[in-house]
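Presented sequentially are two complexes of chain A, the first with chain B as partner and the second with chain C.
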Partner chain A sequence: MFRYTIFRVLAAFPTLLLVTILVFLFIRLVPGDPAAVLVGDIQNIGRLEEIRARLGLDRSVPEQFVIWLGNILQGDFGVSILNGAPVLDTILSRFAVTAQVIFVAVTVSTLIAIPAGMIAAWKQNRWADNLIVVTTIAAMSVPSFWIGLTLILIFGIELGWLPSVGYVSPLEDFSRGVMYLIMPVTALVMGEIGGVLRMARASTIEVMRREYITHARSKGLSEGVVLARHAFPNAFAPTLTILGMIIGSLLGGAAVIETVFTLPGLGRLTIDAISSRDYPMVQGILLVVAVIYVVVNLITDLLYPIFDPRVKL
Partner chain B sequence: MKHLPIVAALFGALAAPTFADTPRMGGTAKVALGADILGTQPGVVRESGTDTVLHHIFEGLVAYDATLEVQPMLAESWEISDDGKTYTFTLRDDVTFHNGQPLTSADVKWSWERWLDAELGWGCTHWYDGSEALKIEAIETPDDTTVVFRLNIPSGLFLAQMSNFQCLPAIAHPDSVDADGNWVAPIGTGPFTLGEWEKGVSVTLNKNPDYAPASGEKSGYAGQRIAYLDSVEFMVVPEPATAMAGLRAGDLHLMVNIGPLEETELGRAANVEVLTGPGLEWSTLLVNVHDPVMKDLDMRLAVAHAIDFEALAKATTRGAVGYNPASYSGQSVYHTDVQKTGYTRDLDKAAELLERAGYDGTPLKIQTSKRYGNMFQNAVIIQSMLAEAGIEAELEVLEWPAHLDNYFQGKFQLSSFGYSARTDPVMNYWSVVGPHEESPAYQWNNEDAYGMTFEAAAETDPAKRQEIFDKIHTMMIEEAPTLNLYDEVNAAAINTALNNYEIWPGGKPRLWGVWLEE
Partner chain C sequence: MRFPLPRFNVLIGALLIGLTVIAALVGLFAPPANPIAIDYTAFLAPPSPAHPFGTDDFGRDVLSRVLVGAAYSLVSAFGTVAVALLMGGTLGAIAGFFGGWVDRVIGILTDTLMAFPGLLLALALISIIGAGILPMIVTLGVSFSTIYIRVVRSLVLSLREREFVEASRAMGNSETFTIFRHILPNCISSIMVLATSTLAFAVLAESALSFLGLGVQAPNPSWGGMLADGRGLMGQAPWLVIFPGFAIFLALLGINLMGDALRDWLDPWMEGEA
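So, the complex of A and B:
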């Protein structure tokens, strides 16, 4: 397992290098010039070239890449073109916000989806199964943007229970912070629960057909014990993979949710950076997101043998 | 409300004072900002929201009032020498900075020299360093309350530029920077001080308890800036739908720059009021005179005569404003009947012009984007109006940075565009007319007109300036290098708990002189 981990970590480097090259190229292929965005339409048009030179944008792309990569290797992600803020600090503080919301949302989703999925599988094709499946598909099918605004309309405006705009970190003021997290977490749970539930249901159905389940039942074990002790451990491994993928993709920023609920997260930072062509910021974010993906997938894989002893690393 | 005076008369002395007119002290007003501010150093890294916030912390020597005339702010008066080259400002003696230090002429000189330092990257050094025409040759401080600016030429523009919204030459205390000259904290003289800036979330400003207001009623950026509120929280709310919900829920009190869609929706909410008025930003259809098709004057005029400008303006602004053929706002004192003369729709004439231009029916391309104002709606309406005149046009909908970049590079045929607020016609024309080899962003490559803008810049007599602007406008209509559409509407929505909020042609929100109901 130790050797496997080392191998996986080393294998990540070529992936990351490829990501950096692609990101670097693609953001420059997108039309638009950060210097133009900075100058806007009020300032001296003559400053455009001067700003480009100051930002190093007048150099060739390979040259810019080598400089940037060299700095990254020394831990220097540079500063934002837009406001001069250090890229890495900004990303980390935004990531902290996204991570809070995501971990709460994924935990809640898991706690609901896995038992519900297993119940659905157990009662396959009966009304309970149908109810669970239809409800989750409905929740999954509604765009998160719409769910978000509807929650705000109901709980922010009509009932007035929850704040409609703003953000307070629960680390600073727990009770107030939680109030700001309820709606975004709910919207995320509604969007993500379906995938987890369906995987839990499908793998449980498959497991329930196995002979050891029949054996367990024939021993006279109650259905609850069969499900909890025999079905769950075997059905959980594939669900874990899905969870890993969901966490990985959401940590890159749940841009829509963050925008609707005014959360200062990584997704919104990405959108802002792209729309102002803030090259160092976009590059930094995508590199960090790539690292997160690699790490989350690695953790998922390392956890696999715990839930599925057949897998040897 | 109409009946209030009668009710008051009936009850005579028994009537309580009408609460709506009596300022209430205290409270925190919450204002939606579309994006976080970029910094706290005025004019250096800036965009509109950053300007808005910093205008509450900083003040200049002079400021625009609501009729767009320059009024005293930190200066109580000024004198211009007979040759027009020396401006002597007398400072108010009751002003202190947020750190308690009194305002002196040395602070004014220090601030100006900081902004004018080419290394700093302040946005508008080109207005004062001779790269356009005007150059500040010296800033002198004969005593603590007197500042003298010596210019290389007489200028009809100097005071207007000093009052500019985007490049306010703010008077800051030298302790705003550290020993190495790095900006550390915004120490100004304004009615609010910087409280907390929580990046990506909000900027909170607190009332400056020692504020000494200028004389005169609140008007535009001029007059008394009295803070009744304890604090103002500018909250970053990128999604307009969320901001609208916030207004209705009372979690926000003010949302500016709202579009027609938001206007309609918020108009229905009982506790939200929508305010509108003509502004200084203006919509245009840029016509690239270097494009192989559009370089033909007949072709440009054909497009001009195919468009019903009045109907276009009324449609996209919901009837708030009409056609403005000039490159500057109808609110300007220099906007007279001459500037109201533009093009009238005449499809026969358009057809005739098209034939003379030898137009072969190749579709024209209109670039547009959706981030600002009505650029997209204008493009759609123009497209259909052109179609009625037998000109097929295609829309190229870009993202704003790409649209803007193409504007700078002159890479378009037609472009549905808009310019941000400028307060003197010369500044407007300097964005439009200029030598093409210097920048393709100059839409109008006309040496005579360009020369005339410099005459107007140096001219201090309003009547003579008017004459020059009239000539430039007439030439521009003849050559059709760009087709101006209308003044953009300033629209803001307030939660009714916020009292006495007004909009003005400058469009910038002001949170002084307003108060919150309990």
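So, the complex of A and C:
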């Protein structure tokens, strides 16, 4: 267990280094002088010279990378072209909003999808299973942003039960904050639950064929105990991997749902940064999201042996 | 009660895909009205015999826009899968067939690209090369190619050592002949399964990017773009978001139903699973 942990943590470092190299090269792919790209205003000779000196743009590219990485490691991601705010501060404050929505959405999806997937597998090919399979395929076919718009149309505009757009932090005003989160979270859950359900069902079907399930049943254990004690722990491990991937796709896809509900999250920041050519911001977001994603995958890998003790190194 | 769900699913899936293709063809060659012609006399008209899906805030016929949107959606989705397949398939085959340092370099590149989740890689590339349908196809294709690299590599790797490949070599056939005659045909069923599932992701990604204004550019109609435009007016004109949304849903449902059926038939790894 200990060796597995150390090995997995160390194995993440080369990936992280390559990610930083790729993000560093990203600015060089933009046509034009990197200093001009980062300042955004070629008239501002003073800022241009300052950026050139600070990033060592007169030196060789590998030296530039070392200087840049040094700045990054000290938390200096540069400043936004748009408003001069430090890139890292902006990203972190916006990420807090996205993280809340993703966390709640993934938790709710898991709590619904895993029991439902297990029931489907248990009643394989019966009407309950057919119903869940059809729902899964339907859920995988609805874009979350269309669900979001439909929810706004029904609950925001027609019925007026929930605020349509905007955001209040649940940390400041819990009940109001929750009201603003209900629709975005519902849209995300309906958009992402299909993948988890399908995986939970497939891995439970796989497990239910094993001999130890037959053995547990022939011991006279009730079906509930067989499912909870023997099927669930074994079927959960593969589903965990899907959850990691879904967190990633939500990090990348948050832009759409945050646009629908005008949430001040990381996704909205990404779109604004792209449309206003705020390259320091785009670069910072790429780096932060990739690092978060690598860490999430690392955590799911580290949790894996807890659920599936056969995985050892 | 047992119900032949899979066969029923294939039927519905084929119907929906057929419907989308017909919609695209009608939209391209015989739209009921010009999808980009502005007509202020028919401003935000509700559904009627003249405009079955209503009109938008420029008086444009929503039905025609949904039909042409199907064409844009299918072209971008198939284009994306083609780019991903061409790039991923080639790199994956090279990595699997030659192994060694070539394999390692391609593997590291794939792992690094995979560290950028979901749409983020496509968004970053679009920020450099600009918005539009062609950049979208290329960037989505590059983002989706990583999965093809992995799958094709592992397929080629496992086939390379099989008896019939060795037999082909032993018979004195050239490497190229062996690849095209014996290795590729055995990859096709798995690649078909993968391609159908990426087709669904591509339709979804196209609608998302067009919704964000980074895909198909106005005034050309796309389902995602129509949802974005209709968003502010949907209180008074709900048909602006209902019809394009249903179009995305039905197209995706068709592809997903078909994909599931294909997986059951063709994917050797899922054998025996319902």
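Note that the second predicted complex is superposed on the first by the 242 of 313 C-alpha atoms of A that agree within 3 Å, B and C clash if a C-alpha of one lies under 4 Å from a C-alpha of the other, contacts with A are read in each partner's own complex, and residues count from 1 in each chain.
We take it that contacts are C-beta pairs under 8 Å (C-beta built on N, C-alpha and C of every residue); 3 or more make two chains touch, one makes a residue touch a chain.
Everything quoted here is computed from the prediction, not taken from an experiment.
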| item | value |
| --- | --- |
| First, second, both or neither for A:I205, with chain B first and chain C second | second |
| Contacts of A:V30 with chain B and chain C, given as first, second, both or neither | both |
| Partner chain(s) touched by A:V101 [first = chain B, second = chain C, both, neither] | neither |
| Touched partner set for A:Q124, first chain B, second chain C, both or neither | second |
| Which superposed partner A:R277 touches (first chain B, second chain C, both, neither) | both |
| Chain B versus chain C as contact partner of A:A237, first or second or both or neither | neither |
| Touched partner set for A:L197, first chain B, second chain C, both or neither | neither |
| Partner chain in contact with A:A85 - chain B first, chain C second, else both or neither | first |
| Chain B versus chain C as contact partner of A:L18, first or second or both or neither | second |
| Chain B/chain C common contact set on chain A | 30, 149, 152-153, 157, 259-260, 275, 277 |
| Chain C-touching residues of chain A, taken from the complex the two chains share | 14-15, 18-19, 22, 26, 29-30, 124-127, 130, 133-134, 137-138, 140-143, 145-146, 149-150, 152-153, 157, 202, 205-206, 248-253, 255-256, 259-260, 270-271, 273-275, 277, 279, 282, 285-286, 289-290, 293-294 |
| Residues of chain A defined as touching chain B within the complex | 30-34, 36-48, 51, 54, 82-85, 90, 93-94, 149, 152-153, 156-157, 160, 163-167, 259-262, 264, 268-269, 272, 275-277 |
| Complex contacts: residues of chain B adjacent to chain A | 30, 32, 35, 38-39, 45, 47, 121, 123-126, 131, 166-167, 199-202, 235-239, 241-243, 245-246, 248-249, 251-252, 371, 398-402, 404-408, 419-420, 422, 431, 434, 438-439, 441-442 |
| Contacting residues of chain C [partner chain A, same complex] | 1-3, 5, 9, 108, 111-113, 115-121, 123-124, 126-128, 200, 204, 207-208, 211-214, 227, 231, 234-235, 238, 241-242, 245, 248-249, 252-253, 255-257, 260, 273-274 |
